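Look at the two complexes coming up: chain A is in both, with chain B in one and chain C in the other.
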Partner chain A sequence: MEPVPSENPAGEALHRALGLTDDEAAQITAILGRPPTHVELAMYAVMWSEHCSYKSSRLHLRRLPTEAPQVLVGPGENAGVVDVGDGIAVAIRIESHNHPSAVEPYQGAATGVGGILRDIFTMGARPIALMDPLFFGDLDDPRTRWLVEGVVAGISGYGNSVGVPTVGGELTFAPGYARNPLVNVLCLGVLPVDRLVLGRASGAGNLAVLLGSLTGRDGIGGVSVLASAGFGAEAADDAKRPSVQVGDPFEEKRLIEACLELLDRHLVVGIQDLGGAGLACATSETAARGGMGMDVDVRAVPRREDGMAPFEVMTSESQERMLAIVAPADLAAVQAVCERWEVRASVVGTVTEPAGAAGAAGAVGSGEVVTGATTMSAHPPAGRLRILDGPGGAVLADVPAASLSDDAPLYQRPLAPPADLQQRRSADPAALPAPSDCTSDMLAMLLDPAWVFRQYDHDLLLNTVVGPGGDAVVLRLAAPGLPPSGKGLALSTDSNPRWCSVDPRLGTELLVAESALNVACGGAHPVALVNCLNFGNPEHPEVMWQLSEAVDGMASACRALGIPVVGGNVSLYNESGGADIDPTPVVAVLGVVERLERVPPSVALADGGTIVALGPRTTGLAGSRWAVERRGHRGGALTPWDAEEHARLLGLVADLVGRDGLLQGVHDVADGGIAVALAECALRSGVGARVGGIDGHGELFSEAAGRVLVCTADPAAVEAAAAGAGIGARVLGRAGGDRIVVDGLVDVTLAEAAAAWRGALADHLDPSRDPATS
Partner chain B sequence: MPDVGRYEVLVEVRLRPGIADPQGATVERALPALGFDAVHRVRVGKAIRFEVDAADERAARSVTADLAGRLLSNPVIEDTEVLVCRPVDGATVASGAVAGAHDVHTEAGSGGRP
Partner chain C sequence: MTATVGVVVFPGTNCDHDTLVALERAGARAEPLWHGTPSVGHVDAVLLPGGFAHGDYLRPGAIARFSPVMAAVADFAAAGGPVVGICNGFQVLTEAGLLPGALQKNRSLRFVCQPADVRVASDRSVLTAGVEVGRVLRIPVAHFVGNYICDERTLAELHAEGRVVLRYAENPNGSIDDIAGICNAAGNVVGLMPHPERASDPLLGSTDGLVLLRALVDAVGGAAGVPSGPFDVVNDRARTA
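Right after this comes the complex of A and B.
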């Protein structure tokens, strides 16, 4: 049946209002061989938006290394999956929910958590941990405080209720994020290797069953309007407000249990979550991946509101919904499982033969060559997604299923480094006057994130061995249904917009290095990396240059350290009032602790212990917090790293951490350099320190990668191990007393440092939200 | 000005049409278990009661709508409505603390966020 032309044929203005360019609209017409209907135009608009199609970034992402023996599923699926041994696989994904959180922080962050959870259990994995890297403007701004409080409350409100621990994250404050905060959400799940499922529709005649919440007008056009357009005037923000989605963590909890039971009992042949672009995305992607078609009856979709148009039903982003592909014989069993978990299940479609095989069902598997001659498009034989108005009703849309995703435009956008690049690189902050006393600079860089993570329940499921606040989170590898294992997982999320602003390529390399080192501080070796690339407007050549450089830096560091990239997300158009955010790639490295037999040493000192610095000595300050935040200096050249030496350091640190009782504390040197690393160790354990031999403020505040502080009762053993690994080791001083002293540079009481550390965040924010004060 | 005085007001804060209401949906789902199987379209909101001094009823409504939009609700997802606004019997008001003596913004949702 031919689609019924829309009574008000889609005009020029309509496709532009939906965010499609004239060229894109012409391409749709070429694919279909006729002008699109309203429903078709709406589906292409959401699927071809930047958010869903990665049209500006895909060309660059291809340069990332994605293969390794442990990788079961790489980028492109709902989540990356790696085999960690013992018959267990780990699913991991990170996503952004930046723009929804800027408009309505509580629900924006909450639905971000809900969405990332669905990406994980879609793969058959049970979600066991969440992490949230967050970026805000300065706390002096009342709007920032409102955003921080709303986002953190949204994450805790959803995560704590759904029963998945939020085990850590990152917290960055910088003026560039004032009107465009970044809210990235990561989820980790575990599964028996044999339960791995992919979002594929197979078997003509199988049923598409929609599970979960009713469909409302939530986020209509949200993907294309919210995620793919920059924020302009305040008034425009108001106009975008009606598309806010509301999360329901209890519905999600039921959905998790129902879906995992369906998968355990092999009652579904494929399953896919509904996220951005809703049903349009879930139906077309499952069909396209399976090489099949699908007929969807838009009237069969249960709705929350009256009078919804078919295009609204197909693009709604109502939360807590999944699409399962079910053999007809299993439908009754699926419905019984869903009833038990009080999850709604409605048959909304049927899997159909690919074009060319239609009407020749008997030919399936006969080896006949399908000619695929079709006058409607130039596509090879492929399934068609048809949207029907009731069974046997009017055809509202009839498109090649794969065209919504595979034919999305691919842009080689112009890229160019900033004109003043060389000038900025040659402005070394070493030329800045040395402070006469480094104490005040150190105190100003201390920030205890406890106000945030105390609102998260990080002990849910009882797997958390090392929770938030340290270098890496460490979890037991255990969950219902998993084979027994003595292994552990270590996870770290990292970002550094200061480094990446100075040098996006080397900055991203150092980021990968730091994240891998954090995981080593948890006693693990790295097995996979996921990334969330938060950048400004891709139509600005400088932003595309930043993105391209960051991808190259990530690729080179991952290759050097042998870490495959198993997934990623790109968030563009992060800008306000024409100003792009600093390039903010976020990476998360997953590591495996082969034998998790004891709690690893934490960020701490022990009275009488010897403090040893591992790694090279450096004084470079480019991109450091001291230069950028304390002196407003954003130039210079980042200190390069030696990847081969770094790989040896990773092995050394994981080895030392794993030795029984050798280390009393361990902390990588990162933001704020040795000064802040030492102070954090002292403050978290309540033990002072006296160290010396630091070469001025340069060595004290340098953030060059590849350095670790350890506290040990047996420095000779540490030095011997370091010498064996070819890594420099140097005794800096001893732990003890009630002061933090760096000879000639810093002298402060623990009490004064603790007040600065604890107050940096908590003094600005709503005390009633901090469980520690109630 | 015969109407000058104190007004008793009741404001309803409710989710905007089309915004998902998990709490309402949960209530609706639970009702049949108690035998109430004829209840539909449950929406949960909140009602706030207070008194306001104003030059007249119109001014009382106006200031109430303004403060409801700016403090009592989240205009991103909620609407407000002044359900009741009536004089409190026998109350007298000192001059100088009366709403309506100056311009009042009436559009709910015009502010409220810093």
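Right after this comes the complex of A and C.
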């Protein structure tokens, strides 16, 4: 093999132009026992990018609890899978598509949806729900409005067409996301437990068959160019637009149906989606997981354009492609299924026996590189990935398949808390002057997300029992090919960059607590959690400290509540103009409703009902929307929670929700505190409320964890159940009338509150809105 | 005898499963009809479900009308066979010339997914036969291209002949005269934007969609064979059969 020139024409070392450090380049040479070829260098560059290798975060992620009896597949595979009973498993994954969406919002968001879907059906699961936590800057900024329009249209355009309902998500506006919006996408799929498949290549002589779209130049280096660097000047960012992939939901829809039929008919031995790093990733990972090698004929890959170099073919991130491992005897049947669904199927490679002896072993540990746990000798059957230029043609690459993923560098990056941490924590917003009237603060915090979720088809598949806009979505556990079940699923995505900015560790704990409580409000008990860790530049010690703290917070809350972490995604370099975003871990908790026999109570009030608050009383305002958004105060210490009490609250709420007709409405107290929780219940049902006994603006706006409002015709039963669970319960007032009144603090008509609530998005995004035709 | 309803599946159709389930719930036998097969087999009625047939590329329904099954659907309709198009199916029927007018993008230029109250405006169709005119049904809509438009003469004909089948109580998309569904002159071909299959289960918040689907099932599966009145072509077909 010809060694590549070490410098590109501009005089910069080629590995640096591809985003590899000098140490990393030296490690590649050590693994191969020679300098890498051009194709090899390109493959290592994308596979060892931050996005693909998690090289800055892997050390920390190991601290998360990942085991529980229901966990069938934990982190590290395409998706986490849990057994939910009745012979049914649920596959779930969340991912970020932040950087592509910042550059090209429609396609960035659309391809985010496409990618997460493939992660799910590659496990053999039929995708049945999508959710999208979104974070943008201030709506006064026209660029933000362009981003919101584009991202929502992209999710709507792709998700609706591909035929998977988008059942919910989250919407956060804060100045820090103005130039670096966050677009996280979650997908949930269901499968009969016995159809679970893993992306493994086994059986020497089996064929690697590429399914789906043609391979083009779109998205080359997407993960390394976009997702592994921050944003700077706008002109330079526009130049990154060609690195964003373009989605085709119709191709994906046919690909889903074809792949699920192939799996149903047991025609594939393994299957893997093509995402970041394209064929380089899919071929090396399937081979490595199966302990095998693979020969790939780069000329056999169908291309969309002429003149593509082999390295471009191997690293292209063209969308809507899958790699299936097929026994030769089944090839004709596979091709017939694909033909029916009009899906292209091309044999591009062959599974090979692992070589007898491992190649030159040993990674080079130098500087801050702490790898060494996973050198060549850790993979006894050292299968090799070879890229050939035509059958029997020149060998363009020949690397240990596992080295592309398993030998990626692992960094213990320096971490340090911010210098002014103690100072910030001692500045508590309790010292802020109390407002004379809390009404205007409450109104400013109301936001009806219907403008967004009306654009998503959230009813498809007939599973959506509680749709978007409430605490948790509640879905029937049903899909074509699934055994019958009376169970349901509850799902909630949650984040709180304000809390996590004040205290990333406790903030993340509270986040997990809130997400579990949301699921309880759907009548479910939590069974699994996935996370998407959106942070700034990992080369900033404060950002690494935030990440480390958030992981510790998540680990301790998950342990305390017995929720295993079954998957995660890390998005770093979320920065623009040198400023990092606030730490934004997003968690999604999956819960199971054991018997879903009726529509659970929603965020609502019923005329004449009694409003009862469950949980502790508190007045802490640190990290609250009132302090941060309304008063610009970002200091103080978050109110701690009692994990043991919270666990009892989860059980109590799920129990009350499950009792026939006991609750007329239920809503957890979170963003905006009791004020916003009460207003949302009133606005969603069109029923007013009068409550009292709230201890000033502190108790009204506090966002401390572990509190729930319920509306009931039988408060004695609720109080008795709460007493039995050792949870505080207090009657706040009654539902009814056409005003929202909190004695001494808030007094507003429902109509005025509704105008503020509905207008929060629509007034910015539909300025000339005609109510008859919107 | 139980009526058999064929549900056409194009590549990109995505409401096929939901529609099959809801039809069974309405008392029919329901089976998929693959778009590439140039026949509708022995079904008693054909339903074109929602989705994005052929990706909605070019224009919704513009490619689907050329799928081999569509010639058979047209023959079936011409012989008086009941044909119902829901959402994307409605778009396909207008593109195929089986229903007049066209569906254009919503006036908001945005996808809209929400419950809609629709009023039964005529019982002269296979989907509303026996349903009280004026009855309001709560049935979800979910579409980007659901804004019905036609020329003035067609509109006058539709009204005069009782062929406006469903009208929105609150217009979600800008459709002319709040039209949510129409039928052909014989009443055996019906197109509507709302999704009755999504209102077929108490857990989904409404069962009003079953009112329409049961009307369809009754119209084709009744012991008398064929209803009288508006279904003249159906009677013709019964005579020739």
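The criterion applied here is as follows: the second predicted complex is superposed on the first by the 728 of 774 C-alpha atoms of A that agree within 3 Å, B and C clash if a C-alpha of one lies under 4 Å from a C-alpha of the other, contacts with A are read in each partner's own complex, and residues count from 1 in each chain.
Methods note: contacts are C-beta pairs under 8 Å (C-beta built on N, C-alpha and C of every residue); 3 or more make two chains touch, one makes a residue touch a chain.
Predicted, not measured: the structure shown is a model, and the values here were computed from it.
Residue contacts after overlaying the shared chain place A:His540 against neither chain B nor chain C.
In the superposed model, A:Arg734 makes contact with neither chain B nor chain C. Contact with neither chain B nor chain C is seen for A:Arg413 once the two complexes are overlaid on the shared chain.
By the touch criterion defined above, A:Gln319 reaches chain B but does not reach chain C. Legend: residue contacts after superposition of the two complexes on their common chain; A:Arg93 is shown touching neither chain B nor chain C. Once the two structures are superposed, chain B and chain C can be ranked by residues of chain A touched, with C on top. Looking at the shared chain after the overlay, A:Val103 reaches chain B, while chain C stays out of its contact range. When both complexes are overlaid on chain A, the residue A:Glu305 reaches chain B alone and has no touch with chain C. Of the two partner chains, chain B and chain C are each touched by A:Phe250. Contact with chain B, but none with chain C, is seen for A:Gly216 once the two complexes are overlaid on the shared chain. Residues 248, 250-251, 342 of chain A contact both chain B in one complex and chain C in the other. Chain contact summary for the complex, chain A toward chain C: residues 153, 156-157, 160-163, 248-251, 253-254, 340-342, 453-462, 464-465, 476, 480, 596, 598-599, 766, 770, 772-774. The part of chain C that touches chain A in the complex is made up of residues 11-12, 14-15, 17-18, 21-22, 36, 51-52, 54-57, 106-108, 110-114, 140, 142, 144, 170-171, 173-174, 195, 197-198, 200-205.
For chain B in complex with chain A, the residues that touch the partner chain are 15-22, 25-26, 29, 74-77, 109, 113-114.
In the complex of the two chains, the chain A residues touching chain B come out as 103-104, 107, 142-143, 145-146, 213-214, 216-218, 238, 241-242, 244-248, 250-251, 304-305, 318-319, 342.
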